[in-house]
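Look for chain A in each of the two complexes below; its partner is chain B in the first and chain C in the second.
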Partner chain A sequence: MNFRRTKAVAYKEVLHILRDSRSLYMALAIPLLLLLLFGYALSLDVDRVPTLILDQDRTESSRALVEQMAGSRYFRLLAPAESYRDIERSLDRNQALLGVVIPANFSADLRANRTAKVQILADGSDSNTANIAIGYAESLIALYSAEVQTKARERIGAPEITGIDPRIRVIFNSDLKSRNYIVPGLIAVILMMVSSVLTSLCVAREWESGTMEQLLSTPLRPAEFLIGKLAAYFAVGMIDMVIAIVTGLWLFDVPLRGSPILLVVSAAIFCFGALCWGIMLSTVTRNQVLAYQLSMLTSFLPAFLLSGFIYSLENMPQMIQLVSRTVPARYLVTILKGVFLKGIGPSLLIGELAALVLYSVLIFIYAQNKMRQKVA
Partner chain B sequence: MKSSAVQIENLTKRFGSFVAVDTLNLDVAPGEIFGFLGPNGAGKSTTIRILCGLLAPSSGRALVAGFDVAKEPEKVRANIGYMSQKFSLYDDLTVEENLDFFAGIYAVPSAVRAERKAYALELAQLDGREKSLTRTLPGGLKQRLALGCAILHEPPILFLDEPTSGVDPIARRSFWELIYQRSEAGQTVFVTTHYMDEAEYCHRIALLYGGRGIAIGTPAELKAASGLDSMEEVFVHSIEREIEAAKQ
Partner chain C sequence: MWQRILEIVRKELKQTLREPRMRAMLFAPPIIQMLIFGFAVNLDVENAKVVWADMDQGWAARELRAAFDGSPQFTVVANAQTEAEAQNYLDRSEADAIIRVPPAFTKDLDRGRAAEVQILVDGTNSNTASLVASQAAQVVNRFTQDRLRTLQRQKLVGRAVDRPIAIRLPRVVPETHAWFNPDLRSRRYFVPGIIVNIIMLVTLTLTSMAIVREKEIGTMEQLMVTPIRPYELILGKTLPFAAIGLVQVAFVTVLAMVIFGIPLRGSPLLLGFTSLLFIICSLGLGLFISTISNTQQQAMMSTLFIFQPLFMLSGFSFPIANMPTVIQWSTYINPMRYFMEITRGLFLKGVGLEVLWPQTLALAVLGFAILGFSVLRFHKRLD
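Right, the complex of A and B next:
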């Protein structure tokens, strides 16, 4: 390793990045765009469900139920429906997600101590949201039902019954805001994608322009060449990491409970590995278009789907869970969520950190060997 | 220890069943301008690439500056300057940035760096245009800059692969003056070309056809041996003779 040669490559690469508006745009705008898009648009929280109520009973009891729904932040009541047709129409037009029908004999049933029925119509074309919305409606109606029963007992002077009152405390993300776990995971996706795409172009470009042949005739060694290139793009990766973390903390108010140093160190190790991945693809393919497509496919998709970033790995088939163990983003996502939300330290994350180091080193050695083979 | 700058013994390079270089033998003396002449596909570039350590020979031996290209490619690379067909410079870097980069790659000592850069600029006739982007330079100047970059570390041996392709006649003429300068400074210049007039400028030439050396000598010797007046006639005549021989 000759430091001067490595430095010459790194400096030249920085000049390339600064002069190539495409690279610069990709390196800085894409992370911001992804963050804003995912941070604002991708909310898995369901609240203010647009709800249409058809009250056929029109009594004091039915109005009490409607008022309870109107008072809940989980529902947003639309102008009351006049008929079933209204509910169907607004479900069809995506104006309402939920329809609630209170039948004409609702208060009569309650008075007669019979079980009163309430019909809930949900738009199942978005099954996840529909499930959650039905859950909200059920618990609200259950609450109302308990109230009615208590009042009935009071009327006949029966002793008050005490049920179980669960006290639930959600730890780590007490507001259950999806943004709090999306944004830390997003840092891993952004780093993986931007890093590997950036470096995927940089070796193939030299092959295509013919400069690679020139370089191979000089005393420059593969390791010096690769480390020089990696150093330049590592700087870009670190800028992206800072952008992602700062945006997450200030714009999206994601809590950072753990050590910022641990966060930066593990992201840096991961970034190095992702850069090596891109450079490896570039070295093997020698073709910018192919290397770019391969790096998009092999970085973004696994980092997005198999990292536990949004979709929890525990619910996936055993096979897929095994595959996900080869996805480096998975380890970083675990670290990021741990550090951001749980505030845990390195002792609990040692396995993930070791996996990231191992991955980075293996890919670097492989890329370097591929480079050597091309030289020979 | 041999004193030859380049010594090739029975060098052969196969790509699958295709023989690109076929048991080639050559000996180039220090300070010589040695020309490689031949039609496209004759194996000129392949031979140069082997000599620069870019390709491994299939069999035979090649010594450059006394080092075996297959065994000590790194020592070979420290002793050569190579200019490929495509003037491999970075288009998006300025003249000075290209020079700085290659000075860094060749680890030119900082004490002489400024002096060598100044010399390369003068040679490339780019004084005062240090800040120009390389892509804005005309072909002739790019070619001179590529040579300037390849000699920053003052290598004893220079390999130039079709250095004058795509350059106008006047620029070609002045480029050959540079080659003479290098030779007078003691550097060995190994050059491939398909311009016959350029063949006349070489001290010695080897005619390559189908990967084999079919004639070798000074331009005067080659012309005298075949009784012809120009290198072009020698070239055509030699190849026709080869084709005849192959038929029988």
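Right, the complex of A and C next:
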């Protein structure tokens, strides 16, 4: 291991990066773009559900229910439907998400102390949104039902009975903003994607343009070559990380409750591992298109889907949960969410940190071995 | 002319398919995406884990606990004696919520005073949190309702012992039906969208790379001195990828049906036709990227830069209706949005052109606009 040779490779790579300024801008702009998208545009929070009401009863009680829905900020009532056909049509055309049918005998049932039914028809295509929307509708109806019962009880003079009041308190992300949990996880996705895509090209390019042979004829050793290349891109990765953290903190007001040092150190370890991953792919494939596609497939998708970034791992089948243990982004996402939102320290995150270090070291050794084989 | 185009097509197909690993790359991503989205991605909350912190130890607390144990949405994973202990479970993400029954709970209920239960929810994932919170509140409310009913019966029966009255109070119950996806599985929603993703990513990358590679290696000059004309070159460079894209649509559709049993309820012909329109859009974009890039690295970074917002703003996993209005407008020029609506309409709802004509029309207009613009730019570059 010779420091001077490593530095020379790093210097050459920095020149490459600076010369191709457009790729550099892109590498810095993509994180910003993703953050802005997730911060401002993308949200899984559901409110103002477009709702179509078919009131076949048209009495005071049914209108009271409609009024309650109209007053709730969770629903946006469309022009009332005239028939079932209307509901069907607007669900088909994605104009409405919910259809609520108040049947003709609604108020008659209530007056007769019977159970009145309200039909909720939901477009289940997007099961998540549908679940939440149905939940809103059902709790609104439950509330209405309770009101009706109280009135009836007063009428017949049944005794007043006290209930249990569920007091809900949300901790860690008390205003339940999806942004607060998306932005920390997004840092992991960005680092994984940008780092591994950037380096996935850098060795394959040398092979494709035929300069690899020239490098091989120099006394340069595989480890020196790799570390040199890594050093240059590590700088880009770190800038990306800073951009992501600063944007998250200042633009989106995501609270940072834990230690910033822990945050930076764990992100740096992870970034190193992701860069090694890209270099490994590049060494193995020797083909830029192939390396790029492989790195997109193996970095972006798992980091996005199997890291617990948005989709919680606990709901996945056992097999997939096992697979997710091999996804490094999973550990960083846990660390980031812990540090940002919960403010926990390294003692609770020691397992995740160890996993990250192990992953980075293993991939580096593997990449170096592959390099040596190719050289031989 | 056709002969020259055919030659290029043949060369491109050979170049793309000659490497076995590259051939695998055309079919591995769809399979992997399908498996992940089909089996893994699940936004549904079931079996939320709760920590039970019973500070009361009375009969009412035990009954409430039984109500939580009995509900399918909750699993009580631990009992905590102290606040700190309970909090620790949330810190380690080992539980989603803490249910805390305060000390005077049973006494309050016995004396007919209002009692309260505290539900502490981990809000880290806001989406899960709101579902968990509302479900927990529902369990508590159901418990209250049940208790009220027994109490009322006891009181009324006590008043008229010889003539037990069944008390009847009016109530309203919701009857819920979810259409198109009755068991509300996320899988059915995601799988049709994968078709859109795969085609976009593959055709976009392959087209832009195919042209930029010639520039980077320097074979573009050689191509220019041959009698081939620009439009012939464009056709030759795009037709093979259009074909690959169509094959992938068929492949993913069959996979969806066979592995996940998701039927194609709409017309296969319409799916083929709209896929073609969509492919025209993405080929046009690929061509555009190739006109602004000189190296493959630039082409890839540009692809990434263009693909990400198109993907995120397509409604694939984030509903467009949730976006701010201005962003919603911007999705009207996103071909992925329209094709996403079309595939979902075809797979889930089984609707036809009578509903999907606006999306189809939009795709056609966008496709020819993008392709036309890119071809013009490409011409200028070559001259």
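To be clear about the criterion, the second predicted complex is superposed on the first by the 362 of 376 C-alpha atoms of A that agree within 3 Å, B and C clash if a C-alpha of one lies under 4 Å from a C-alpha of the other, contacts with A are read in each partner's own complex, and residues count from 1 in each chain.
Everything that follows uses one rule, which is that a residue touches a chain if its C-beta (ideal position, glycine included) is under 8 Å from a C-beta of that chain, and two chains touch if they have at least 3 such contacts.
These figures come from a predicted structure and were not determined experimentally.
Student: For the combined arrangement obtained by superposing on chain A, do chain B and chain C clash, or do they fit?
Tutor: fit
Student: Going by the contact rule set out at the top, does A:310 touch chain B (first), chain C (second), both, or neither?
Tutor: second
Student: For A:5, decide between first (touching chain B), second (touching chain C), both and neither.
Tutor: So A:5 only meets chain B here.
Student: Could you say whether A:72 touches chain B, chain C, both of them, or neither, answering first, second, both or neither?
Tutor: Neither: A:72 stays clear of chain B and chain C.
Student: First (chain B), second (chain C), both or neither: which does A:20 touch?
Tutor: A:20 contacts both chain B and chain C.
Student: Return first, second, both or neither, reflecting whether A:301 touches chain B, chain C, both chains, or no partner chain.
Tutor: A:301 contacts chain C only, not chain B.
Student: May I ask you to decide whether A:220 touches chain B, chain C, both, or neither, giving the answer as first, second, both or neither?
Tutor: In the superposition, A:220 touches chain B alone.
Student: Does chain A have more residues touched by chain B or by chain C?
Tutor: C
Student: Which partner does A:211 reach: the first (chain B), the second (chain C), both, or neither?
Tutor: first
Student: Contact-wise, after the overlay, does A:90 reach chain B, chain C, both or neither (first, second, both, neither)?
Tutor: A:90 sits against neither chain B nor chain C.
Student: Between chain B and chain C, once the two complexes are placed on the common chain, what is the minimum CA to CA distance in Å?
Tutor: It comes out at 11 Å between the closest C-alpha atoms.
Student: Pick out the shared contact residues on chain A: the ones touching chain B in one complex and chain C in the other.
Tutor: Overlap of chain B and chain C footprints on chain A: residues 20.
Student: Write out the stretch or stretches of chain A touching chain C in their complex.
Tutor: 20, 22-23, 26-27, 29-30, 33-34, 37-38, 40-46, 50, 65, 91-94, 97, 109-132, 134-135, 137-139, 141-142, 144-145, 148-149, 152-153, 158-159, 161-174, 176-178, 180-181, 193, 197, 201, 205, 208, 285, 287-290, 292-294, 296-297, 301, 305-306, 310-312, 314-317, 319-320, 334, 337-338, 341-342, 344, 348
Student: In their shared complex, at which residues does chain B touch chain A?
Tutor: Result: residues 49, 52-54, 56, 73-74, 77-78, 80, 82-86, 88-93, 97, 100-107, 159 of chain B touch chain A.
Student: Please name which positions on chain C make contact with chain A in the complex.
Tutor: Going by the criterion above, the answer is residues 19, 21-22, 25, 28-29, 32-33, 36-37, 39-47, 49, 64, 90-93, 109, 112-131, 133-138, 140-141, 143-144, 147-148, 151-152, 155-156, 167-182, 184-186, 188-189, 201, 205-206, 209, 213, 217, 293, 295-298, 300-302, 304-305, 308-309, 312-313, 317-319, 321-324, 327, 341, 344-345, 348-349, 351, 355.
Student: Which residues of chain A touch chain B in their complex?
Tutor: 2, 4-5, 7-9, 11-12, 15-16, 19-20, 209-211, 213-221, 375-376
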